[in-house]
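When the chains are written out, they are named A, B, C and D in that same order, and each has its own residue count from 1.
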Amino acid sequence: MVEQEKIAYDAPTEVKDIHVVNTYELEDRAREIVPKGGFDYISGGSADEYTLRQNQKAWETKRILPRVLADVEFPDPSTSILGHDIKVPFIMAPIAAHGLAHQTKEAGTAKGVADFGTIMSISAYSGAKFEEIEEGLQGSPRWFQIYMSKDDELNKNIIDEAKADGATAIILTADSTLSGNREKDIRNEFVYPFGMPIVSRYLTGSGANMSLNNIYSQSKQKISPRDVRVLKEYSELPIIVKGIQTPDDAMAAIGAGAEGVWVSNHGGRQLDGAPGSFETLEGISKAVAGRVPVIFDSGIRRGEHIFKALASGADIVALGRPVLYGLALGGWKGVRSVLEYFETDLERVMQLAGTQTIEDIKNAQLFD
Amino acid sequence: MVEQEKIAYDAPTEVKDIHVVNTYELEDRAREIVPKGGFDYISGGSADEYTLRQNQKAWETKRILPRVLADVEFPDPSTSILGHDIKVPFIMAPIAAHGLAHQTKEAGTAKGVADFGTIMSISAYSGAKFEEIEEGLQGSPRWFQIYMSKDDELNKNIIDEAKADGATAIILTADSTLSGNREKDIRNEFVYPFGMPIVSRYLTGSGANMSLNNIYSQSKQKISPRDVRVLKEYSELPIIVKGIQTPDDAMAAIGAGAEGVWVSNHGGRQLDGAPGSFETLEGISKAVAGRVPVIFDSGIRRGEHIFKALASGADIVALGRPVLYGLALGGWKGVRSVLEYFETDLERVMQLAGTQTIEDIKNAQLFD
Amino acid sequence: MVEQEKIAYDAPTEVKDIHVVNTYELEDRAREIVPKGGFDYISGGSADEYTLRQNQKAWETKRILPRVLADVEFPDPSTSILGHDIKVPFIMAPIAAHGLAHQTKEAGTAKGVADFGTIMSISAYSGAKFEEIEEGLQGSPRWFQIYMSKDDELNKNIIDEAKADGATAIILTADSTLSGNREKDIRNEFVYPFGMPIVSRYLTGSGANMSLNNIYSQSKQKISPRDVRVLKEYSELPIIVKGIQTPDDAMAAIGAGAEGVWVSNHGGRQLDGAPGSFETLEGISKAVAGRVPVIFDSGIRRGEHIFKALASGADIVALGRPVLYGLALGGWKGVRSVLEYFETDLERVMQLAGTQTIEDIKNAQLFD
Amino acid sequence: MVEQEKIAYDAPTEVKDIHVVNTYELEDRAREIVPKGGFDYISGGSADEYTLRQNQKAWETKRILPRVLADVEFPDPSTSILGHDIKVPFIMAPIAAHGLAHQTKEAGTAKGVADFGTIMSISAYSGAKFEEIEEGLQGSPRWFQIYMSKDDELNKNIIDEAKADGATAIILTADSTLSGNREKDIRNEFVYPFGMPIVSRYLTGSGANMSLNNIYSQSKQKISPRDVRVLKEYSELPIIVKGIQTPDDAMAAIGAGAEGVWVSNHGGRQLDGAPGSFETLEGISKAVAGRVPVIFDSGIRRGEHIFKALASGADIVALGRPVLYGLALGGWKGVRSVLEYFETDLERVMQLAGTQTIEDIKNAQLFD
């Protein structure tokens, strides 16, 4: 592993509760304090950003029908996923390089997630080491997301470490065998200002001073159902395949032993011209038909969105950028503020939609 | 009941006829004279204001087909609803806190409504007492809209008072068991500058200096068909359930004895992400199939809108914000000006569409 | 007839050929030289101007499929309508008060139309007398458009005069039994600056200093198939019913003896919230099924539009505002320039679409 | 052939590699250095530019579904067309007058295309002679695109020269029997600043100082399947009919012996109001059903677009304006840079979409 170079990048450092009116506003506030290269990296999508925008527009294709005589009070958003009972149907999505948003890196996010009380996903492209993140998590549940090496032995090493760290599931991200065409990063000549200790073992450098595309290129391209089987056998953990956008891939993943299907278009950061993530959810959920849980991300910004995703077949959703904006604005406390906002917002939506439980949401009819 | 505190809020006071070119313009004019907190409260919707906007956009989904050889002259917009003969197919919707728009509060609106000659709806969150409103109504017909207390005895008290006041129907608003996510109010830290004498009996305060969400929280959440039955039995008045957005809820209300179904999304102020109110009307009307009258609100700004709502199954419509802007701009005379505008506009639409009577409108075919 | 008052209104006076790049631009150029009240009257629509805009947007709902191996050269746009052979499939629409655009009034338009070589429609609300218009027409073919009086005898007088003037058909405008809700005119407090000599016999004044709504109110409201029969019997001329927007009205008109169906929403000036005129054309044409010619107006601004209207069942189209802008900009020569523009543009479209004749256009398939 | 006049037109001259972030940006950069008349000619469309815009919007009607477990690495974009093996599924489209973009004219484009390694299409309206273009091509493959003369003998001369030059196919452009209504050219009073040596034999002048419409008018209008047969017999080369927008014309071309169908709306430069080119592709491809190759152009700006076109039935696509912007910005090296951009972009799209070969793309399902 190459010595990590010191690159000038002044990530925010403040730790405080933040007032969340809505999460769109958080993006605007984060833009003011996160260095431009980092902010564009976090907020941007690929190419025309069609898919990025479509992730938002897609919500308007199905509308919530409030049930107003439903005898609801104090709705209960708790649920469970792969053996974890959680108080809300949302978890933290795996995201690379939290250090772009805050100097506490993934440890800050982890602490906020743990304090709030849901599942943390640790990215293989984390800028913090497992032990640093554990300082935030303090034993709280976590899943590990892997970008595979071309070298199977190194993958085993990584899995060994993730298991030792206590991961209860492995998320295999399958949609990113190269970087999407992120034009903002190209214009900014963006490189990571710090290394990626978990995967640096298979890179030509630490990750610092390298572009995302460079790093992706050094990861494994030839992802197939075989990888699902291999990871499952070696890890003896549930494998969740992330980046699924078609019923056929969902069934292929399940056929190879996956115990979770993660519907996502990577936040509009990979192949532009793909549908909005929500547009593909219902078809995939119907194909999966309850065989394994369906996790959903890409575009969740409000409680209404969580409701629509669950009503379209998702079992839980994952939150990404809004949490990172919370991290930027308030460190771990900002993370917690954002998660609390989603909890409060979802409870209000459940009350106003007339749904007492997550099961009620799943049975709700949306309006085209 | 707590002593009502004096909070600085300079509501308009002028009383005069106003010239109405259209009601959108009234909103712009009201913005200039109503204090910002009050104006945003009145005009705003919840969250992204998607549903608020959709209430307007939805009108474009069905278009009026003018019949031009229909032998029409002096079209007659009169109709009747629950035993009242009224000269127009529109009534005043229940709205909280008219005092935000004008110092005469609900009494001003009531006087304008009575002078024009249609039905007044009195909100449980009125800032004026029944006897004050009666000064405006002078015996003119009125319906009472209830936000229920968690305490059934207090509900009986309220019903007793409403009956004593002469209400001929009870409107049970079912879509507001909590406040919608009204971001403008949050940003403005909006609290009512005056109390709500009708419901203060079940609040921790008078209503003054309290937020809408605080007040809603102290009202009853668990609304169900049982409440329809209880209110009907106790009041011996027709119960109209307001906030219906699905055929199933309409049928549940009717099954519980409701004698009116009020299709509404609360002017886009409650659950954002719900369809435009007009989008749900036809399906509900078809399910109701004439068993009880259908009342419609949310988005009526022109005579064309009244026409489209009636042609889609509504029996009458209710007007909200435009009337309050009239109140702000001209007190009771302004209210009357707005109602006269709608009457004139509807008559013109009836003539140009080739419909002599309200029945003709109901039989008109719209164009998708 | 009241003496015509002199009201200050400086209509343009220039007579010259004009260069027409497109007709949208003509509107912009006319705005600069026509007094605001007159310009708004000519260019405006009613209420939200939804229907006015929709008349343009509707063109995008069906697209032309160019046929490129069609062996076409020197396409021939000539056609015939009600016994008139004309070199193009377009005529002049009836429009009131051309004097708002140019001091030569309808005589100017008539001269341009006659010089170009198509049919002039003379409006009952013309600001010029028949004999003045004849100075422009010089025997060229004309149709007369009637707004009926409530008094049948006066209608007979008007028909007598129109026949004496040489009208070969009567256009009964049925969509305007009141004025549309023209908000620009209301804001401008627009009144005609000159009288309407043809209908002043049934008005309380000359027409000068009167609003359109005042004049429409004094005309007949109760238009029905009976009027078609009466006009036909008395005039012994073909009756064309203008303002048809439904198959049912088309069939009613034909059933009453109409020899032409004129599909129009009056340029978006009458009932706002009606569909774009082109949207209703195909359904009406299919119902008419060739029994009588179908004339189309409302929104024709390019040769492409003429093509689409003919391919959707129109036999000829009528041009309105663009011709009046030509009149404003160049008097009768400007009118001729505009008509020549349409001829040239249509011929190019015919060549590029692979259609040698008007019949070929009628047989063309559009692409949804 | 008339002596070519010298007209002031300062085309760019620089030769250099260019950095391509995206091709939209190239248009902006080219605008700054290409004289306005030339830039508007190259970039503009006809009339309202509806079809020009629709060529872009149409891409959003079908979306790419990434397959993420597809075992793909180093995707291979090579293919073959009419006997040529090419490393990418795109070629250079025929475009008139490259000299507007760069002083090296078609020779510059040809050199970039040859150096990159795909097929050059030489336009009959080239500003360079065959021998000048050959200096760039250096034996690399080329097709010749013909605008026919009204005089068959001259067409034979032209074909003779093209064959002598080494053309391996003849592209018959059938959609341009007159110029589209290019309003920008009209406003700019645009005339070519140099002649067209290949077709000047049938013009009244060299082409210099003549408008496009003038030149088109002197070319042949009556294009029909007979021309396909005649060209094929005389040239003994494959004939590709360009400008096909309907299944019927595709089948007519094939029936007459065409060995390629080129779906195109001429970049939105001919009949405005036609559908976006991509909208017509699938229907035509289905009708052709593999009988002959389908070439596609009009609107390709990204690798995603190439993918969508191939997945909708195209065998190869042709690039136009973006290459000319590359020529303007960097001469032959700029041309090469643009082609390399498309190659890289397509390879990334193939990887992220999970398609190893062009055949895989053709079998991909798009998402409506």
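Observations on the model:
The rule we apply is simple: contacts are C-beta pairs under 8 Å (C-beta built on N, C-alpha and C of every residue); 3 or more make two chains touch, one makes a residue touch a chain.
Everything numeric here is computed off the predicted structure, so don't read it as measured data.
Looking at the partners of chain A and chain D together, they share no chain.
Shared residue numbers account for under half of those found at the interface formed by chain A and chain B, and the copies are therefore classed as meeting with different residues. The centroid of the Cα atoms in chain B and the matching centroid in chain D are 61 Å apart.
Centroid to centroid, with C-alpha atoms defining each point, chain C and chain D lie 43 Å apart.
Within chain B, not a single residue touches two or more of the remaining chains. If you sketch which chains touch which, the chains form one closed loop in which each chain touches exactly two neighbours.
According to the touch criterion at the top of this document, the contacting chain pairs are A-B, A-D, B-C, C-D. Chain contact summary for the complex, chain C toward chain D: residues 21-22, 59-60, 63-74, 302-304, 307-308, 345, 348-349, 351-353, 367. Residue ranges on chain A touching chain D, taken from their complex, read 47-48, 50, 174-178, 180-181, 183, 186-187, 221-226, 228, 241, 243-246, 248-249, 252-253, 256, 265, 270-275, 279-280.
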